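Next up: the structures, one after another.
Here come two complexes built around chain A, the first alongside chain B, the second alongside chain C.
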Partner chain A sequence: MSLSEKIERIDRRVLYALLWVVVLFILLSPVNMPVVIGDLTKEYHRQIEAIPSNAIVVLAFDLGPEGWPELGGMCYGSMQHLFWKIHEKHIKVVMLTYWSTGAALITNCFGGVYGPMDKMGAVYGVDWVNLGYIAAGEVGMSAFATDVWAAKPTDYQGWLVSDASKLPIMQQVRSIKDIYMLISIESGTPGFEEYNRQWWTRKSTLKILVGALGVSIPGYEPYRPARIQSYLGGGRGAAEYILLLGQTDPKILTSQPGKIAVGVTDALSTSHMLVIVFVVIGNIGYFLRLRRKQQ
Partner chain B sequence: MIPEWLALTAGAWVGVFLTLAVFSFLYKENPIFRFAEYTFVATGVGYWIAYNLYYCYDLAIGVPGGEAGILGGQWWWIFAFLLGIIYYFVLTKKYFWLYRYSLAVIVGVGTGLTLRTLIQAQFLTLVTSTFMNLAPTDKAGNIIIFNPTSPAGASLINNLLVVVLVVTSVIYFFFTSETKVIKNAGRIGRIALMTAFGAAYGNTIMTRMNLFIGRTQYLLGIGGLAPQDQQIAFVVIGITMIIVLFAYSYLMKKPPEEAPKPSPPPETEAKRPRRKGTST
Partner chain C sequence: MTWYKRREGPLIVTLIVALFVIFEWYFGEGAVIPEATTVSGQVQLFVAFILAFVIGVGAVSVLRLHWHRIQRRKPGDYSWIYSGWIFVVIILFVVTGIFLGALSGLRTEEPSYKWMYDYVFMPLSGTMYSILAFFIASGAYRAFRARTAEAALLLIAGTLVMLGNAPIGGVIWPGFMDINTWIQRIPMMAGIRGILLGAGIGAIAMGIRILTGRERGYLGGGE
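After this line comes the complex of A and B, so read on.
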């Protein structure tokens, strides 16, 4: 067997094993490569900072646990950032999800399961509310946009949204017209495209921020900045955002999602380098074989 | 009530086992992987059904004192229940046709809602986002040729690239006439498309790697709920699983097949009666 054939016939399990070794090694002894905070992340941060006083913001966790390693940092960071803004500007935050798997992630996040969530004295039902899961995807979004109370009569713990004594915040949230900004952290469908069709068309001044998997990012680029004000892309975006928030409060860096998001960057860079090496070796084998055939 | 430490320890061991069970597929298809796969699917479906039933109950039956649902006086939800129930006729052969009414409503509502806004929300946005300003200026009114501090921001070079690459990519799909200009423009378009696919592929790799690294972090106890238990479970279950997989692989190895014995040639060959009119 010639060298080119040997290269092309490397057992895929050898490549998997190599990848494991590299990732395990770098996670156990991180080199802390520098992370430059990109323009999109800065803009995402700036948009949240610029939310006017008393504005209503929807924070949607449209993801499942499978997306958590990549999006967990964005979810945790965005929620913490919004709690800071509740304290500073008295904004109102409505949390919800169109993914059944997202409901537990919301409660875990503000419940402190993933790390301490500093609510800065925000009162549930007055400053923020968790509506939990809303079924039916795009149809559910359409219903929510026209009549919030009809689409989701109760919050995540069964309290009536129409009960002004328990959830006074919901007296101000009746339709999409009342909402200033949507922050959608998502790992698929339903996600931005459905919000775009059902929410934006009913309120064209709606500000939209998106946190998405790296694989979805190329599809969002044409919508920026006309529709999406900014987005965080993949694990890299999450790491940048957590580092940016860490400048305000370093505690966020020690939270579980914070550690995951920042710790992933070294491993991501090295594993990508390994993939590039694999691609180069594969191509060398291919061209060597091609050359031998021609001879 | 289960004590918290027990729940966390059990969760860590189950989590590590299932993670390694799924990773075992990288070695080869095996029963441990299949167990994890079926567990995942079953748990996911159960979770999804429970959540949706709860939502339906809240919305359609309603909460005492609430305005929504049948309890709130909205009797028309009965029709929704009927449509939901007849959906299950998909499981019968005799009344299968009834299920089509539910399906028709779902498809009709979905299509109607989507088409209503598709052109405005997506098609027009994508078209207008290619209308670029070819003379972007800074605050002082100078044209920005390229901005090194914001390489992806608006600049003459970037905007020009968008316009040229969009036009040439569209020309690549223009098959009506083949002049030299169209052919060369199409070639540039093809390069643009390939570059876009490459970028998309790179992002796909990033996502997959992130998932893999996320699970590896969990195995190493970085960012888990019970880091020490996760680390111990990783070592114990990892070693056990490697031994089991090699043993399984060894046991399942097929013995070399014996060479088939040469069968004696048939004495007479059966002749098939030839049909009339067929050629020989």
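After this line comes the complex of A and C, so read on.
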């Protein structure tokens, strides 16, 4: 086998091993490469900062555990950011998920399993509520948009949403008309496309922020800024957002999701660079073989 | 053919239900006819209940499939062990999630259920997803070859987007971020919008075919 063929046909196990070694090395010995905070992240942050007093915000964890390593920082950061706003502006936060595997992520997040969540004195049932899992995907979204109480009669622990003594917050949340903003952190379907069809079309002034996997980003761009005000894209978006929040409260940088979100940027950079190196090597081999053939 | 096997019944039900929902969309909004919203809402809640029930049917179906695999195991073939493992895991989750969770009133906070979710399901799901990185690296090496002018264009655009998306790209040269933004906002968006519009028009056409009974694939079976 000639050199060009050897370059062009490197065993995939060698590529896997190289990627594994490089990522492992950089995770064990981080070099803390600088991260430039992008405009989309700044806009995502600004939109949450600009939520008016007493507004109702829905925070949806539409993801499963497979998306957590990439989206965990956004979930944690957005929840903490909203708790700050509850304290500052008395906004109301409704947490929910249309993914059966997402319910435990919400409780783990506010329960401090992934790191301390500073609730800033927010009272459950008054300032915020967790409705847990809502079944039926897009149909469930549609039902929720027209009649919240009928679509989800209880919160995650079985309290009736109509019970004003336990969940007074829900007296103000009856349909999509009452909701000011949706923050959907998602790793697939149902997600923004379904919210767009069932929620935005019923309330065109609804503000929408999205946190998405890196591979899904191209699908959101056509909807911005008319329907999606801004989005966080993948591990990089999560890291930028956590760094931005860290300017307000540095404690978030030392939380477990914060550390992972920021620490993973080194691995993201090196793995991307390695893929580019692989592509270059493959093309060198291809052109060397082409040249030999022509000779 | 007996009446319950005839296809006209499901077709009529589909038409009526669809008309309720479509009617509500145009006339229920703004309380032109508030009753339309009520009826449509009830229909949607009914669908939500059916779909929740279907999760149980799905679990039973999976268990039946794997029960057959265990029964038909052959000497020397140990793949039936995976089917057995599915049985164990589903039963464990059902017992801890439904029975222990409901009895204790803790629901998904029931400690054994939570332990399995946090320390088995979470890391396994993350691992499965992260394996994609290896396939992407290997796939990029094999497929990203500048064999033609179009392929070269794709290769250059892909590399620039990668550099723009990687956190280090903006540090090496801020221009990578601008180029990435331009590629995503102009040529890529034009293509995606075209695809979305095409899909939207296709969905309308499919909806009309279903409503008029021309599209019957969703009824199951075959002709």
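As a working rule, the second predicted complex is superposed on the first by the 295 of 295 C-alpha atoms of A that agree within 3 Å, B and C clash if a C-alpha of one lies under 4 Å from a C-alpha of the other, contacts with A are read in each partner's own complex, and residues count from 1 in each chain.
Note that in this section contacts are C-beta pairs under 8 Å (C-beta built on N, C-alpha and C of every residue); 3 or more make two chains touch, one makes a residue touch a chain.
On a predicted model such as this, the values are computed, not experimentally measured, just so you know.
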First, second, both or neither for A:R197, with chain B first and chain C second: first
Chain B versus chain C as contact partner of A:V210, first or second or both or neither: neither
Contacts of A:N283 with chain B and chain C, given as first, second, both or neither: second
Touched partner set for A:V113, first chain B, second chain C, both or neither: both
Touched partner set for A:P69, first chain B, second chain C, both or neither: both
Which of chain B and chain C A:V36 touches, first, second, both or neither: second
First, second, both or neither for A:A55, with chain B first and chain C second: neither
Touched partner set for A:A239, first chain B, second chain C, both or neither: second
Partner chain in contact with A:I86 - chain B first, chain C second, else both or neither: neither
Common interface residues of chain A - those touching chain B in one complex and chain C in the other: 16, 19-20, 23, 66, 68-69, 100-101, 103, 113, 135, 139, 142, 150-151, 158, 214, 217-218, 222, 233-234, 236, 268, 271-272, 275
Chain B to chain A touching residues, read off their complex: 26-27, 47-48, 51-52, 55-56, 58-59, 62-63, 65-69, 72, 109-110, 113-114, 116-118, 120-122, 125-126, 128-130, 150, 152-153, 196, 199-200, 203-207, 209-217, 220, 222-225
Residues of chain C defined as touching chain A within the complex: 29, 37, 40-41, 44-45, 47-48, 51-52, 55, 105, 107-109, 114, 117-118, 121-122, 125-126, 128-130, 133-134, 136-138, 140-142, 144-147, 155, 159, 162-163, 165-171, 174, 177, 184-185, 188-189, 192-193, 196
Complex interface listing, chain A residues touching chain B: 13, 16, 19-20, 23-24, 27-28, 39-40, 66, 68-70, 100-101, 103, 113, 133-135, 138-139, 142, 149-154, 158, 160, 162, 193, 196-198, 200-201, 213-218, 222-223, 226-227, 233-236, 256-257, 259-260, 263-264, 267-268, 271-272, 275
Interfacial residue positions of chain A with respect to chain C in the complex: 10, 12, 15-16, 19-20, 23, 33-36, 38, 64-69, 100-101, 103-104, 107-108, 113, 132, 135-137, 139-140, 142-143, 146-147, 150-151, 156-158, 202, 214, 217-219, 221-222, 233-234, 236, 239, 265, 268-276, 278-279, 281-283, 286-287
